[in-house]
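After this come two complexes, each holding chain A, first together with chain B and then together with chain C.
Showing the complex of A and B:
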C-alpha cells in the first residue's frame, strides 16, 4: 500500500514522525518532491485565487501525489493543548483535498484535538489492522516529534536578524530561500522561532494570552523574546493570511517602541526574488545605521564621562 | 451614558431599541458612506478585512457626534473577527479619542444576561431578559421587512422604493412588543403584492456582516432586485441571536447539509454558508450568490465547497469578494451577466420540459 504525504504545511514540523510511523505499520511512504514552480502552477489551477500561498502550494503537492498513491495521509489540526486553534485554512485543507481528489484517492485524516497519540492510533488502525503493531510504530516514531528545550546563545558582537513567519513558510525552501540567502550573504545570523524553547513559545504573558491561534501565539512569543536580542525583525506574511494581518500589527507597534527595524514581507505566487532582495537590503542598511547611531551615542557618552573625570 | 455601536444594516434600529431599553442614551453613527470607509481604512492595518474598516469608521464618526461609550461584539475563536476589538481599542487610543470601549463576548449568553449587561447599565437581569426578547422580536421584524422588500423589488422596483421609507419609519417607531407585533402587519400591508411570481429567485449566502449590512456589499440585494431577481436569504441578526441562544433549528440543518462538503467547521460561518447553499439548491432556487470580504479565511474554504456544489449539481454560483476598492461598474457587469445566465438557463429548462 502506498501512502502519500504532501511536503507542505504540517509536514515541515511532523514530517519525520509521520514517515517513521507509516513505515512502521508497513506502508510504503511517498513524499512529494520539493516545492517548485511547476508544483505551484498545478496548485493554482485547483484552488481559488484568493487563498493564501501555503494552501496553493499544498494543493499542488496533493495533485502531484494523486495517481502515484492509494492513500493520502493529511492530518487535520483542530487545536493543540489549551484549546489553541489552528487557522481556518489549516482546518479546511482536508476538506479541500477531499473535494479536489474526489474518488481518485482515499484520504486518511487523523483529527488532532489536543494530543497526537489517539488520532494517529486511529488513523493507523485504518491502514493496518494490527493494534499492537500500530502502537509499537507510534511509540517508536514519537522521538521524531520535534522537542524544543534548549535556549540558543546570543554572543556579543554577532550580527543577528530574526526571521519570523509560520514554520511552513520558513521551512519551505521555495519560499524562504531568497530571504535566507540575502540575510546570510550579508553576514547575519538568522534566528527563527524553531530554535527557541517551548517554555518561551508557550508563554501566556501579556497580549499572548488573548491570542487563540496556536502558531500565532508562538510567533508573538518568539518576537517578544527575540526583539531585544537582534538588530532587526523580518516577518514573512503570506498574502491573505488572516491571523498574521492582526498579530503583525502588534509586533510592528512593539518594534517601533523599542526602536528596532521591522520589515513585513508580504508574499504570494507573483512575488519576485529581485523585489525581496532589494527590500531586505534596504532593511539591513537601516539596521546597520541604527547600530552605528547607537554606537555613536554610547561613544559620546563615554567621552563626556571621560572629560568629566579628567576635570 | 451616550452609547454607540457600529451600524448593522436595518438591524441598527433593533440594537438601538435594545440599548434604550436598558436605559442608555443612543447616538447612532451616521449612515455608512464613502467617508466612513475611507476614515476607517486610513487607520487600519493593510491586510485586514473590510468589516473592520467600516466598523472603525463608524466608531470614529460616532465619537465626532459625541458618543462616549462604544460597544463592539467580540469572542475569540477561529475567525479574526474575535480580535477586532483589540485593534479597535488600540486605534482609538492612538488617535487620542477619549471614550469607554466595551467589548461584548458573544458566546456566553448566561454571562451576558446576568453579569455583563447588569454590570454596565446597572439594571436587573430580568430587565435584560425582557430587552433581549424585544431585540429578538424587532430583529425578526427587520428580517421580514427585508424578505418582503426583496420580493417587492423583483416585481415592482419603483413601488418598492416608494414604500421602503414608509416601512422603515414604522419599524423605527415600534417600541413595545405590542407595537412590534402591529408593525409586522403594517409592513406586510405596505409591501402587499398581487400574487405574481418573480422571474428568478437567487439565494444569497456569505459572511454575516455582509449579509446584514447592505452598504458593505454595495446594496447587492437592491441591484439584483432591479434586474428582476428576488433575493432569498436566511442569515440575519435574528437567526444569529437565536443561534447564540442555541435555539436555531436552521443552524442544525445547515450543519447537517454541509457535512457532505465540510466535515469540520473551519470557523466563522463557513458551515452555515455551505449548508444554506445546499438547502437553497434543494428548495429549487435558480442560483446562488456568495458574498464575503476580501481575504476572509472561512469563506474562502466555503468558496471551494460551493464550487464543488456547482460542479455536482449544475447550479450557477457567483462568488464575489469585496473590499473598499471594489468597482461598482465591474460588480454590476458581473451581476447582469449572472442574472442573464440564470434566466436563460431557466427558460431553456422550461422549453425542454414542454
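Showing the complex of A and C:
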C-alpha cells in the first residue's frame, strides 16, 4: 500500500516521525518532491487566489501525489496542549484536500487535539489493523519528533539576524532560500525560532499569554528571546495570514521601543527574488550604518569622560 | 581639471544620471525615459552627460542604483552597485542633514525612508501593488487629454476635493469616470485623485511609521504640486521638494561611489560606452522544474554577467 505525504506545512516539523511510523506499519511511503514552480502552479489552479502561499503550496503537493498513491496521509491539527489553536486554514486543510481530490484518493486524517498519540494510533489502525504493530511503530517513531531543550550560544563579535516565520515557510527552500542566501552571503548567522528550547517557546509571560494561536505564540516568544541578542529581526509574513499580520505589528512596536531594526517580508506567489534581496540588503545596511553611528556616539562620550577624569 | 563622481539610477520608467564634483555639487544631470530599453537609455544618458561636462571632469568613481542597477553597473563598470533605499537616503541627508522622513514615489514603486540624526533607520516599499505611482498618474493625464506637467497645477485650482477610491488603480479610474459623469469639474476630480494617491501611500507604504519633519518628497511624482499639496494637507507639515528631486537616487549613487573608491582609483569605463555593443538575452533553464528565467548580459558577444537562477548554476561565470 502506497501512502503519500505532502512535503509541506506540518511535514516540516513532523515529517520524519510520520515516515518512520508509516514505514513501521508496513506502508510504502511516498513523499512529494521539494517545492518548485511547477508544483506551485498546480496548487494555484486548485485553491482560491485569496488564500495564503503555504496553503497554495500544499495544494500543489497534494495534486502531485494523487494518482501515484493509494492513501493520502494528512493530519488535521486543531490544537496542541494548553488549548492553543492552529489557524483555521491548517484546521481546514483536510477539507480542502477532500474537495480537491474527490474520490480520486482515500484521505487518512488523524485529528490532533492535544496529544499526538491517540489520533495517530487510530489512523494507524485504519491502515494496518494490528494494534500491537501500530503501537510499536508509533513508540519507535516518536523519537523523531523534534524536541529542543538546549539554548543555542550567542558568542560576541558575531553578526546575527533573527529570521522569524512559520517553520513551514522557513523549512521550504523554495520560499526561504533567497533570504537565507542573502543573509549568510553578508556574513550573518541566522537564528530561527525552531532552534530555541521549548521552555522559551511555550512561555506564557506577558503578551504571549493572550496569544491563542500555537505557532504565533512560539513566534512571539522567540522574538522576545532573540530581539536583544541579534543585530536585526526579519519576519516572514504570508500575504493573507491573519494571525501573522496581528502578531507582526506587536513585534514591530516592541522592536521600535528597543531600537532594534525590524523588517517585515510579505510573501505570496508573485514574490520575485529581486524584491526580497533588495529589501534584505537595504535592511542589513541600515542596521550596519545605525551601529556605526551608535559606536561613534559612545566613542565620543568615552573621550569626554576620559578628559573629565584627567582634569 | 575638475574631479568628480558619476551616479546612474535606472528605474522602470526613467533613467537618471548625474556628474558631481568632490563636494557633490551637481555639474551635469540628465533625465530620460527608459522606454523599456535600459541598455539604449543608459547609452544615450552617458553620451549626453559626457557632452554636458565636455571632457572637463576627471571621474574618480562611478555608482549605479535603481531596479536595473546591476545591468547599469556591468555596462559602465561601476565601482559600486547599491540599492535605491540607501542612495535616496544618502542624497537626502547630504542636502538636508536635518531630514527625518523621505517620501519617494517613482514610476512603478514608492517607498518611505525614516532617518534619525542623518542615519537611515527604517524603510518600507510598496509590496504587490503599484497603485498611486507615476505610471498611473501618467495614464490618467493622457486619458483626460492634459499634459502630465500641468496635471498638478490643475489640482491646486480645485474648489471641492472629490472623494476618489484609491485602493486600486482600476477602481480609482472607474470612480473618476463616474464622478465626471456626475458633472464634477476636472480640477476637483484631479485633486481627489491626488488625495487618493496620498491616502493609498499612507495606508500601504507608510503604514505604522512615525512621520516627523523635515519631510522630503523625491522621485518623479514630486514634480506634481497637487500630490505635494495633498501630502501637506494629510500630514499637517510642510513637505519640501529638494532641488534635485528627480535625480536624488543618482546623486546618492555618486556619493556612495566616493565612499567606496576613496582615492583608490576607479574602474569606470568612460562616457564612450556608446560605441560598445551590449546585449541582454533571457532563456529558461530546463535543469529542474523551477524553470528559472536566466538573464545574461553580453559585451562584444562575450557573456560578462548572468543572473536569475535560484541554484547558482549559471550565475557563476
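Going forward, the second predicted complex is superposed on the first by the 311 of 311 C-alpha atoms of A that agree within 3 Å, B and C clash if a C-alpha of one lies under 4 Å from a C-alpha of the other, contacts with A are read in each partner's own complex, and residues count from 1 in each chain.
Just so we're on the same page, contacts are C-beta pairs under 8 Å (C-beta built on N, C-alpha and C of every residue); 3 or more make two chains touch, one makes a residue touch a chain.
Owing to the predicted nature of the structure, the values given are computational and were not obtained by experimental measurement.
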Chain B versus chain C as contact partner of A:178, first or second or both or neither: second
First (chain B), second (chain C), both or neither touched by A:249: both
Partner chain(s) touched by A:266 [first = chain B, second = chain C, both, neither]: both
Chain B versus chain C as contact partner of A:92, first or second or both or neither: first
Contacts of A:239 with chain B and chain C, given as first, second, both or neither: both
Which superposed partner A:78 touches (first chain B, second chain C, both, neither): first
First (chain B), second (chain C), both or neither touched by A:8: neither
Partner contacting more residues of chain A (chain B vs chain C): B
Touched partner set for A:48, first chain B, second chain C, both or neither: first
First, second, both or neither for A:289, with chain B first and chain C second: second
Residues of chain A contacting chain B in one complex and chain C in the other: 239, 249, 266
Sites on chain A touched by chain C in the complex: 33, 36-39, 174, 177-178, 239, 249, 252, 261-262, 266, 268, 270, 273-275, 278-279, 281-283, 285-286, 289-290, 293
Touching residues (chain side chain A, partner chain B) in the complex: 47-48, 50-51, 76, 78, 85-89, 91-92, 94-96, 98-99, 111, 207, 210-213, 237, 239-246, 248-250, 253, 266
Residues of chain C defined as touching chain A within the complex: 67, 83-86, 117, 119-123, 125, 127-128, 208, 288-291, 308, 310
Interface residues, chain B side, partner chain A - complex: 45-49, 76-80, 82-83, 86-87, 90, 261-268, 270, 294-298, 300-301, 303-305, 307-308, 319, 321
